[in-house]
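Chain lettering (A, B and C) follows the sequence in which the chains are written, and residue indices restart at 1 in each chain.
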Amino acid sequence: MTAAGITLEAAAARRRGGLLRRSLGHGGLVLGGAILAAIIAIALAAPLIAPHDPYNQDLAHRLIPPIWQAKGSWEHALGTDKLGRDYLSRLIFGARISLLIGTLTVIISGTIGTVIGVCAGYFGGRVDAVLSYVVTTRLALPVVLVALASAALVGSSLEGVIIVLGLLLWDRFAVVTRSATQQIARTDYVAAARAIGCSTLRILGSEILPNILNALIVVATLEMAHAILLEAALSFLGLGVQPPLPSWGLMISEGKQYMFFSPWVIGVPAAALVALVLAINLVGDGLRDVTAPENRG
Amino acid sequence: MKIDRSAVARLLAAGALMFAASPAFANKANDTLVYASDSEPENVSPYHNNLREGVIIARNVFDNLIYRDPATGKYEPQLATSWTWTDPTTLDLTIRQGVTFQNGDPLTADDVVWTLNYVVSPEAKVVTKQNVDWIKSAEKIGNDKVRIHLVGPFPAAIEYLAGPIPIYPENYFKKVGLDGFSKAPIGSGPYKITAVIPGKGVKMEKNTHYWKGSPLGQPTIGKLDFRVIADAETRLAELMTGGVDWIWRVPKDQATQLKSAPNITVLSAETMRVGFLQFDALGKSPSAAPFKDVRVRQAVGYAIDRKAMIDNLVGGGARIMHAACFIDQFGCTDKGVPRYEYNPAKAKELLKQAGFPNGFKTEIYAYREREYAEAVIGYLRAVGIDAHLNYLKYAAMRDAHRAGKTPITFQTWGSFSVADASAFTGVWFKGDADDSSHDAEIQKLLKDADTSVDTGKRLKTYQEALKLIAEKAYLFPLYSYPANYAFTSDLAFTAQPDELPRFYAAHWK
Amino acid sequence: MLSFTTQRLAVALSVALTVSIVAFMLLHLSGDLATAIAGPEATAAQIAEISRQFGLDRPITLQYLDWLWRAVHFDFGNSFYYRDTVTSLVASRMPVTMTLGAISLALALVIAIPLGVLAAVYSGTIIDRLALGFCVLGQAVPAFCLGLGLIIVFAVQLRWLPVSGTASWKNYIMPSIALGWYAVPAVMRLSRNGMLEVLSSDYIRTARAKGLRPSVVILKHALRNAIIPVVALAAVQFGFMLGGSIVIEAVFNMQGLGYLAWEAIARNDFPVVQAVVLILAVLYVALTFLADVANAFLDPRIRLA
């Protein structure tokens, strides 16, 4: 992962006109971007477009099959779940939760990782040694296990999951921003800025950060996908988001009960989750390609 | 199932993965009955767990003093050939001669005396005290005669002796201690334990020297293999593919659909298990403060539509319970006990009166049938109570509950299959570890009832206590649990309402 | 080489030490230990006695050092739930997870390296794109979904493989696929990039110019050099797999370390959780250390960096 192998002059020139054109020419990025935009739009407009209250339970009308099956009806296009809640509405509101988990986790972990990475990369020497050691320690901890144990300790809830994942998933941010910062810190104009007496904070803010932004965004998308998958895994193991919140991970885990006889109950949220993660990964890979084509792959 | 079998098969046959069907370890051909359940007892020593899986093992591996015929409800001799009440607090028993434990030691009156004295001693740390705390002590009064001294009159004693009081081998237990015993228990019952593998299960083998004339009959199936499979779908998949022979607690929907599967028999029956919500009425945990108000507890009762839950979620065989016990237990009655019919408007009104017009946030703890707990959460949400689910393993939930950390606990209780209300109401209201209301009046009524020799008075006192419990809504009974058993059609198995699968009575067809 | 090794060893040891502090704290944050050991019905006096007996009334650093000393000697105390020592529980579960991890890794390498090489050799063509697409799609499927899917198809529908447990080698096939799946993209990308780099290097061009057959060039000359970084990655991935097998073990009901830890978490049995976290972390540290040294041995440039 050396997404930061960007020479600055080239990056600056590229940023102007070519980026958008190249983005539109990148099939994966366009496809991923379109799916992601659609899911974000659905999440934002959830209360407007959801046909029912996602929490409204109606035991007399449970497990109604979706529209493509014999007994389906438009009243519940994707059917109802085991408690008679409208599946489509839960899926729509669930998009909010999955995106919320992904976004907030990345904001927390991104902040931690960037601070560590930039400091390690910019100051180098002993600071770098200490921070690299912190990163190595973090990498040594088994993520799923520590996340599970922490979720059990703080109590499993939406906030709990976000905080735990946010505090755990910063390693890649740190690694990538560190090497990106190292390269930029060596450039002439950072040296020049130092020479004219710019403060360290100013150099970090106005020279370093803007230039590692591309790499940061790429990592952020990939980590967002990672966080969403981990939440699903935690929910599957019973220590993630708790009912009645319609998280997609939780819906899959609850739908598991019907996997042999009514596979759509697990299939619908699973497909949604795969689509979301796929879209985010496509966007992440695509952004890496268009911002640093030499690092493709 | 929408998968095109032939297409998938062709695709994969072309691939590298080519394996013959795996030899199953289960089934008739191997004379091994593999049964799977979700939980494993923390300790297979029957006095040291309160899990149903533990009770099943206890009944297949140990003998009781007295046998209760599940069909007739009559008490018959088992290890005790006869018993007489000398007075209401003294019970004399004659112990059967010629019975041996599975390690060859003879079972004598000494073993009986030692077992009973051991389980009432504090160092035994028996998990469910209600089962034994009516015993004061036991003594040997003759070669084969044992006398039990009771703490007070306790008419249900015989029922308990026929249930959760198995007899241990004194010498062996003293030699290996509880730790050793929990790894290699020895009983005198129809099956002997050959291996206890933590996390995996328990292996048992037919006791070929099981004493003739036992009311349990002679076991026929050669080996029992109890496999712990936490995941319900994995259990189901194992049954469908012949990996296990017998599962239970199959949810209603799957049970209905399994009925059409070939070679699988589905059996549904009511059990003595009752599901209920228990409130932290003393407000020990921070978010339980609202439940100190009786109106809030009552509101929960009015908020939940038990009939809809039974009709749609729980399935056939379940009955609504109104009193804090299983209705067919001796002493249990719902006559005169206030009922909470589904009435969300009234629930909201009560919440308003209690000072929660906009509801409140709280925590609910559960360990089984997650969808039942979720349905309860849905109903509570409809009246404004925002309950957050904590779904735990039983031991963790029990500890949290006993430590007073659980505002609402979704409990279920099978009374150790004891057909006496004391085994239910007593456990939850007599001041022991699981009593979370500690209501002195109820405790006194129950103590009076359990020590009363006069049947009429006992019934009446129970009714009073049950009425009081319902009025104060310390515990909101939901319904009795049906059990859905699913097993290979090669197996002849009959279910009993006491939720005790008797594998010693099962046989291959 | 020696100074590089000692330096890496020092880092590895200090990381292991830090991890041990995290693991130690995990148990201490889980609640009052004396109460947990004494059981739910213990009196205050009994709890105080336990506290004295187990040394829980001593300063925390002293307790930590004591615990570390025991841990180094593989003594992790007793499980709160089972009447057994943590060490014997862990020892009985370890082989399952190790076997699963090893098979998964082998499977991942067998699939990913050829795929990566193919993608590099046919760089820019449809084969390359398909391989990368497979990677992206593969990464998007949650591990447990893949596991459940395998169960439905191969166990329930086709009846080729057993559903759960660890009774025979057949029980390991589906879990290994589901676990190894997630190492495929990373290994594939790395071997593809390594291959691309090597293929454009001077000596390969020379070899080609000498008229050697392309397959010989690729297999004999390029692959050997391209594979070096994969060795390091494989070690790291093995560490990740041991840590990540928890989900797979849960799906397939395999009594490995992950399953043990998962159940222990759900039962508040934190001595077990603590031990598993420590063991997995130390294994990871050891693996990365070995990978670093092996890499430095194979590629002298690293030593000088």
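The rule is simple: a contact is a pair of C-beta atoms (placed from the backbone, for glycine too) under 8 Å apart; a residue touches a chain by one contact, two chains touch by 3 or more.
Because the structure is predicted, anything quoted here is derived from the model rather than measured.
Across the two candidate interfaces, A-B and A-C, the one carrying more C-beta contacts is A-C. Of all chains, the one whose Cα centroid sits at the greatest distance from that of chain A is B. Centroids of chain B and chain C (each the mean of its C-alpha atoms) stand 39 Å apart. If you average the Cα atoms of chain A and of chain B, the two centres end up 44 Å apart. Work out the mean CA point of chain A and of chain C, and you get 23 Å between them. Multi-chain contact residues, meaning those touching two or more other chains, occur in chain C at positions 148, 152, 156, 250, 266, 268. Multi-chain contact residues of chain A (touching two or more other chains) are listed as 238, 256, 259-260, 263. In chain B, the residues touching two or more other chains are 1, 233, 237, 240.
Chain B makes touch with chain A in their complex at residues 1-2, 232-233, 236-237, 240, 251, 253-254, 257, 305, 308-309, 311-313, 370-371, 373-375, 377-379, 381-382, 388-391. By the touch rule above, chain B contacts chain C in their complex via residues 1, 3, 5, 8-9, 12, 17, 19, 21-22, 24-25, 42-43, 125, 178-179, 182-183, 198-200, 227, 229-231, 233-234, 237-238, 240-241, 243, 392-393, 395-396, 398-399, 402-403, 433. Across the complex, chain C is touched by residues 28, 133, 136-137, 139-146, 148-149, 152-153, 225, 229, 232-233, 236-239, 249, 252, 256, 259-260, 263, 266, 270, 273-275, 277-278, 281-282, 285, 297 of chain A.
Interface of chain C with chain B (complex): residues 35, 39-41, 81-84, 89, 92-93, 148, 151-165, 167-168, 170, 173, 250-253, 255, 259-260, 263, 266-268. The touching residues of chain A, when paired with chain B in their complex, are 55, 57, 59-60, 62-63, 82-85, 155-157, 238, 242-244, 254, 256-263.
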